[in-house]
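Structures incoming, each one as structure tokens.
Here come two complexes built around chain A, the first alongside chain B, the second alongside chain C.
Up next, the complex of A and B:
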């Protein structure tokens, strides 16, 4: 038990330090940017017609004054207290903007993450169980093509087929246009999330299928499976008793590592379906030089990624008795 | 006729990939001028015999635009993946041979870069570089080195235990000389495969970031630009604007993948007999 606590403590401290470094790195990146927020948002023409005082006021608003290091520590201090600053574009506290957008995105990403993980794992096991079978070939071909397919193009194609051509699903947004928040039903939300979620799942499956399949093929060729066959064990019991646990470990690593990829995919997919999620907010913030929002989103998404890694580490210990007993930590 | 075995098939794939990619790159480079040519007498044509991929709302030939865009993507991919893989090689070796402190700093850096979702980091870097071409190249180069660096670090850690390396150490050969003379030749195949398998990612990320508006400028016929422009015309039923350039992109990227995998098979010592 004590060992567990030490392990957890170490991981959490490391995660916190990494998060701090992420925020520092992100801060450095946005500070060195030559993009002039005034030019980007107000425009040359409008600036030309303004008085000096007006411009100075705007400069103060978009923050270009005090030295970067000082600004970073002020920002970090506030952040630690839960105040992420005010989003310049949305004119609301960053935490509120992120909270709102995250709700939309989380729902989308969870569906995609779970379905691609489960489907990918299942298909990988089935394909690898009989290498060279028709299912195996189809899955391999599909995965190889999907690995090379950019999510945003797939989103465009699905949009063309289902929204423009067949007209069965809405073109975008997370709720119907012009409807009051109260009258939006769960069904509406689902209808609007279908295409983005499907896009993310379809591309997400490929990677996990390929890796699970490889590992499964290795296992099927191993001596212990051969021995099990010689003992006359059925296919199902071979998969259940010998293959599943061994395949599960790498699959879990991949699945939790894919949090970052799903997030990246959602940035693109949300942009195409005009889905008001975190990804779209990130793009808007980057385009409009909304530094506080961009920083906030970076830190929050990094927290998700590190959280995913942490969970993977715990699950390892649950699944693999060798790791639980210690010693395997090199 | 002799049956085609695994190695021959791999050589064949590699050959096809190299020829096709070179052809696209060079052809796209040559016709870059005509990709920008507008001709309003032929606008909005669906795909036909003269214009395989159709034309857009300004009468530009989509086939020429696609090839030019891909050619640019491939060149950007080569540049940034090249820089990134050399970075990975250098840092991977450094982490493995320079002792604990350097190792933990580099491992820390790897975790850091992997901790921010790629697209978001690309947006940040592109923003830091003031968007445009430089932002894309720097961004892709700085985000893709991590997994290869890890791989090389692991490999070098193993090599350190090899008899010939330890003998060299006992003979008083310096760390750098050992790395250069005894380790590098050994690492080269892995490095090469890692480099080639990095291209597809580099190209896809270049296209994605350009698509989002952080990459190349809208005047250039980059594949990301073409696709993001096509979005406005989707609802009007101009499906060819998005379909063919994307298909071509997928095709190119998978060829890179195939080429890299084939090379890996060829270089793996165990595959001689397949």
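Up next, the complex of A and C:
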């Protein structure tokens, strides 16, 4: 029990440090960015026609006057109290904006995360079990091509084929254009999420397939599989009793570590499909110098990715008997 | 003594590997050639050879678990019938069993009990395992442990237990006592001796002549992939009753016989000399040794040499 407490304590401290560093880095980057918040958000022409007092008022609103370090710590202090600030662009509390966007994104990311994990695992196990077979070679070739394909390019190709030529799926957004929010059905939402989710999954599947396959090959060449075979265990028995057990551990780590990749990929994909998710909001916030929103998104995503890795660590401790029962290994 | 039935008869067995050299040239690497071993029921035969002589491949060949790029030659007879790949599949783990050299051959994530039972949960297998464990003085709780939790004293008995889940008539022990203390070696060997005394044939594959002589009935000396001599264990009591120069060299290398070693090293399979593989290191090397040498029966044993040291012919 004490061990678990120490483990959890260490992780909490590490998470706090990480979040601090990530938000500081993000803040420094926006501070040195050449984007003038006034010009970016009010527009060159409008800025020219404003009076000096109006401009000063605006500058105060954007906080362009006070020194950066002071601004950062002001933000951090409020954040610590649970106040993430007001988004300058959306004119709404940051927490509310993030909540809305995250809902859209989560739905997308969950589909991509689960399907890439399950499919990747299945394909990897199949390919690795029969290394060198035709199935394995097809799978490996496909995965290598897909891993080397940039997600944004794949997104464009899918967009062209399914939305422009075949016209079976919408070009973008998360709900049909010009429709009242109340009359949007679940089916509409699914139809709009298909293309971005598929794009995200395809690259994810390839990655997980390749890793699982590699691990599976190691297992099939291991002494314990050889011995199982010598003891007359059938192929199915070897897969069921030994291969799955042993390949599942690294697969779990990989699955939770891939949260970061899905998160990163979603920024690009959402941008291309104009999908109003967290990724797109991050881009908008960055381009528009909306510091509170950008920092808020940065911290939330960092926490997510950290949470993913933490889950992997934690599950490992629960599942692997060498760590669970042999203290020396932990 | 009545004539015991031959359980395993290996005739002119060979294993070679396909390899691709420098890109595309396909070569065949013969790791085992001209291997002859017979094992009778109730008999313990030790195949003794130094490390890297391809001994494990013999075990894998009998069980049909050689890697896919290996090619087998010669004939394997089991219980009077040719041992085909189909028969191997049907018999392994049941009549023909392997006792591995270390815990690395057990799945690290599967509990000992269900692993030995091969995942079976029926009452019969449970009771059988309980009996086997009781016979080896292993507590029932050991079944709930994972391989990494076993103590050094337990793991040998656990490994031997894996062999008993079937109804073994041929037990193959591949280097079952690597780096163990002599007391422990004796104890492990006694387990195999028991199996032989109960009627199973035991094929012990080892690099340790000393421990082989402790328990085995017969010793087959293996050098660079070839069996050079097949002798009764009692023949090793004196150098004079041994037939092959390499067997004599092994005998002289035993601690009690002066720890003498001979010059040179066992050749790598790629650079084997034509004819007798031991030739270049042998004091009796002649032109006749450079040809294919047939195995001869001499004084109740077999030798593959142009000269029989025992009779001087």
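FYI, the second predicted complex is superposed on the first by the 325 of 330 C-alpha atoms of A that agree within 3 Å, B and C clash if a C-alpha of one lies under 4 Å from a C-alpha of the other, contacts with A are read in each partner's own complex, and residues count from 1 in each chain.
Here is the rule we use: a residue touches a chain if its C-beta (ideal position, glycine included) is under 8 Å from a C-beta of that chain, and two chains touch if they have at least 3 such contacts.
Computed from a predicted structure; not experimentally measured.
In the superposition on chain A, A:34 makes contact with chain B only, not with chain C.
Contacts of A:240 after superposition: chain C is touched, whereas chain B is not reached.
Once the two complexes are overlaid on the shared chain, A:272 sits against chain B while remaining clear of chain C. Legend: residue contacts after superposition of the two complexes on their common chain; A:223 is shown touching chain C, with no touch to chain B. Of the two partner chains, chain C is the only one touched by A:322; chain B is not.
Contacts of A:26 after superposition on the shared chain: chain B is touched, whereas chain C is not. The wider contact with chain A, measured as residues touched, comes from B rather than the other of chain B and chain C. Looking at the shared chain after the overlay, A:144 reaches chain B, while chain C stays out of its contact range.
Shared-chain residue A:231: touches chain C; no touch with chain B. Taken together, the two complexes place no residue of chain A in contact with both chain B and chain C. Looking at the complex, you find that chain C touches chain A at residues 60, 63, 65, 89, 91-94, 97-98, 100, 102, 104-110, 115, 118-119, 146, 148-149, 162, 165-166.
Residues of chain A that touch chain B in their complex: 18-19, 21-22, 25-26, 28-30, 32-35, 144-145, 147-153, 156-157, 159-160, 164-165, 171, 260-261, 263-264, 267-268, 271-272, 279, 282-283, 286-287, 289, 294, 297-298, 301-302, 305-306.
Only residues 223-224, 226-233, 237, 240-242, 245-246, 249, 320-322, 325-326 of chain A touch chain C when the two sit together in their complex. Taken together, the chain B residues at the contact with chain A in this complex read 108, 111-112, 114-120, 123-131, 200, 204, 207-208, 211-214, 227, 230-231, 234-235, 237, 239, 242-243, 246, 249-250, 253-254, 256-258.
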